[in-house]
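Below, chain A partners chain B and then partners chain C, in two separate complexes.
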Partner chain A sequence: MPTISLTQSLVISLIQCVLVVVFIFVVVPLTVFAERKVLGYLQQRLGSTRIAGHLGGLTGLLNRGMWKLGKVPVLSYWRGLPGLVGDVMKMLLKEDILPTKADKFVFWIAPALSFVASVVVFATICFVPGTFFTFPTWVPFLGGLPVSGGIADVNVGLLWILGMATVGVYGIVLAGWASNSKYPLLGGLRSAAQMVSYEVPLTLSLLAPVLISGSLKFSEMSQAMAVGVPLWAIIPQVIGFLIYLTCGFAETNRVPFDMPEAENELVAGFHTEYSGMKFGFFYLAEYVNMTVVSAMAAGFFLGGSWLLPFGLQGVVNPYLASLPSWLVTLLCEPHAAFFAIKIVFLLFVFIWVRGTIPRYRYDQIMAVAWKYLIPLTLVNLVLAAAVRLAM
Partner chain B sequence: MEQLEQLFSTVLTRHVFLIFGVLSVIGAGAMIFSRNAVHSVIGFLLAMLSIAGAYLCLRAEFLAMAQILVYAGGIVVLFLFVVMLVEMTKYKERKIFQTQTPVALVVVLISAVTFLGVFLKTIFGKSAEVALTLNPELTGDGLNAATHNVQAVSRGLFADYLLPFEILSVILLVALVGAVVLAKSERG
Partner chain C sequence: MKKFLKTLIPFDIAKGLSITGTYFAKVFLTANRAKVKQHVVSEYPEVPAPLEPRFRGRVQLILDEAGDPKCVCCNACAKACPTGVITIEGGKKEGRKTRIPTRWDYEMERCVFCGFCVEACSFDAIKLNSQFELAAYDREDFSLGLTGAHNVLEPSPVGKFSYSDEA
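This part shows the complex of A and B:
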């Protein structure tokens, strides 16, 4: 491996940052669109299908033909997609309203905090342990250099993720306070209590992977949990996964726990007074947070960039030797596509749950966190310790 | 190319640390001088985050993350919570704060003198010549403090300084129980 100078490593990091940002801004709008469509199908309707104008030419012909056959045209499934551009334009161009008695500085900084805290988490998320790809030799300045699967796969990666998740609380709380209005304040206070409470079981549920893998580094944890654990480690992993996902819903303020913005109680919660792109940042931050929670659940519990979840890959791997070598490579090697597919599946679960489970009452939410989830995570931690002892 | 390399290396080792230092001083100043309690909390948050950044520049990664998790994530959120719930304007601020002035002055003076002593000793004294390492005999067997920061810290906490660490956690537990008892008795 050629030695990397400081400048080259900085350039490579910059490229990785760009790749991650592209990934975020591909996944997030598609999630927004998927949410509309999936919720539509869950509620037996089509979801968003309309844009201004209509599709002409060949596609229009196909659509008309399918309508005549009495079927919903395939192409109309995707016709809501350009509406996303309209959404973005709307957010950018809408009047930016500042309530008269709002605190200007805090009102301005709250969405920024929320968004930044959700995006920087991706710095330590490792899409592939080890090398992602190597630059071909003809590339100037960077030829032959490897690009690792994460921007900064530091040895305190998990702590960074958890720390930034806690900083994200400020965005919501400060937005609620700065609006100088009743409903946002109530939403902000509720979210502060809820998110701080759910951070405890969330962190405790992630301690089980830490215990089993003996590391805080995202790539090492992901690898250890995917291929380095015995079969009986599946029990703490499955329990941990379910607890983590529950807490993840609460941390991202998604539907069974969407107290901060419960619309039939609090108008729109902490972002009632926000409009334009300031609201857009909250909206983006929510979806980026969903992606982060999905990425962590996929990395720690669902086998990361290996095919099988819950550490089954490591159990199955020895038996795969008889298969043809290209198939073994495909199934057993780290694969960014597997990771991405798992993230997308978990995002679908987010939407699925939103369409299925009604909102909890506020006291029920707190009771779930403190009375049920925390004891469960502690039991799970003991199980994980037993696995660690037996390994 | 060489110059660029040199530039980046100085910026990374020196200037970033300075930036974080200046930011933390600005945050602390904003915390003390701002009239609005919530602005103070934001200043506090800025100070805490930039101190974490400064730790990161000193390669104390675990300390930096613990700083973010404990202070920025836990303590400052609670501050914010209290400040938002208690409307400070309702109290006569002078009467609350100025009764403590003499005590505060004494405490600040004592701590300033102590810190100054420590600083003088570490900057000009003998200890500055030897790099500070946490139990060098333990870091010898494959534990590089730079790459295994967390492991090194945890060894220090759970192997060498176990008793003080446990005593500290018992003290914290006592404080926790005490707070609960106080809150309960106030409610009647």
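This part shows the complex of A and C:
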């Protein structure tokens, strides 16, 4: 193990940051696109298939010939993709309107707060335990140095994640208040109440992995939950996963819990007065939050960077030991790709649920949190404690 | 107890998810195939919209084997028409026992596409065809006669994007 100087470690951290940001900014726009397509497919439609006009634009250029031949274009799945570029251009170029009576400073700071709080969470999320890759020796300055799977896999990672997720609520409430308009204020306050309610079962459901793994570090928890638990630990894991996912939907303000922006009641909720890139930041923050929730669910409950979910990997591993070595490497070792695939699948689940379940009434949302989820998480915690005792 | 368990275990949510998931899988696997279509909303301007056989489109005269309109100028359709858009004048033709229309005017701008004219006709001489894309820029374009590019004997030159299995 070569010794690493401070500059080298800083450069490596910077590279990790760039990698994570690239991951986010590849996954998030694709999720925005996938949301339209998948929602369409779920409702027996085709989703977005063209950007503008009859056969105009880039997609028209690609497909005009095939339509002339009387065939549905091969590029069918991706035909709406250039619309994303249009979306981004619109966000960047649209006029940024500041309401006269808005609190200027808070109005400006709210979207930034919302966005930064959601991105910063990725610091402690570990894509693969240990070394992600090692620089080849011919690379100048960094040759032979390992790059770990997380930017800062600190010992209190979970605390950091939950704390930062709470700051995200702050952004929404401030946005609602600073707009100085009734619908955003109502949306922001609803959001505050909802988040306060759902943070309790969310945290309680994450206490079960903490209890079983005996750690707050993301990579250790992920490893312990994936390969370090006996078979019967699957019961608290599955229950905890479902509860966590429900609370995750509520925390990210997604349907069926999208109270802060209930369109038919509150125009658009907390971002009614926002336009241009400030609105874009809220939009991005929502999708980054979805990715964060998916990453945590994947890491703690779906086996993280191992193949099988719910701790089944640790049960199966001894049986697989006799396989050829490359298969063992593929099936039993952790890979960042498995983690990414699980995140993408959970993002699909987010959209799937949006296309299926209608919005709850406000009192129903509160009832679900306080009357069902919190008692359930407490029961789940007892089960987890029993598993811990038996381990 | 049963109700409590039903609330606790999300059966209904699972049922709904399975329905939408099935739709997703079906459409996802057949989205590129024009023949096996699972999506109900088609890409209308490029792919012609299928219509039901009973769709009521524009009035069109049915022709006999000789290529003449079957219409015998009995004026039953003109009397049945609630908005009075049909004007018929009859004439004679060599070798034809019944009368033949020399003028068959149809004012489409006032037509309500109710189909009473078809019901009134005892000679099966009129039908409502499957055209619905009939917008035009001029009011004159809605006055259809026996002659001209836009006439009552054949489908309108506009409206290329709709079809029906029934001819």
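Everything below uses one rule, namely that the second predicted complex is superposed on the first by the 369 of 391 C-alpha atoms of A that agree within 3 Å, B and C clash if a C-alpha of one lies under 4 Å from a C-alpha of the other, contacts with A are read in each partner's own complex, and residues count from 1 in each chain.
Everything that follows uses one rule, which is that a contact is a pair of C-beta atoms (placed from the backbone, for glycine too) under 8 Å apart; a residue touches a chain by one contact, two chains touch by 3 or more.
It should be emphasised that the depicted structure is a prediction, and the values quoted were computed from it without experimental measurement.
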Can A:V156 be said to touch chain B (first), chain C (second), both, or neither? first
Contact-wise, after the overlay, does A:V38 reach chain B, chain C, both or neither (first, second, both, neither)? second
Should A:V200 be classified as contacting the first partner (chain B), the second (chain C), both, or neither? neither
Counting only touches as set out at the top, which of chain B and chain C does A:Y372 meet: first, second, both, neither? second
Would you sort A:L46 into first (chain B), second (chain C), both or neither based on which partner it touches? second
Mind working out whether A:Y170 is in touch with chain B, chain C, both or neither, as first, second, both or neither? first
For A:I357, is the partner it touches chain B (first), chain C (second), both, or none of the two (neither)? second
One more residue to check, A:A192. First (chain B), second (chain C), both or neither? first
Using the superposition on A, tell me which residues of chain A are in contact with chain B and, in the other complex, with chain C. none
Which residues of chain C touch chain A once you look at their complex with the stated criterion? 7-8, 10, 13, 16-17, 19-21, 23-24, 26-28, 31-34, 38-43, 45-47
Touch list for chain A against partner chain B, complex: 5-7, 10, 103, 105-106, 109, 154-156, 159-160, 162-167, 169-170, 173-174, 177-178, 185, 188-189, 192-193, 196, 199, 216
Within the complex, chain C is touched by chain A residues 38, 40-46, 49, 54-55, 67, 70-74, 76-77, 242, 352-353, 355-357, 372, 376
The answer for chain B against chain A in the complex is residues 1, 4-5, 8-9, 12, 36, 38-39, 42, 45, 49, 61-62, 64-66, 68-69, 72-74, 76-78, 80-81, 84-85, 147-150
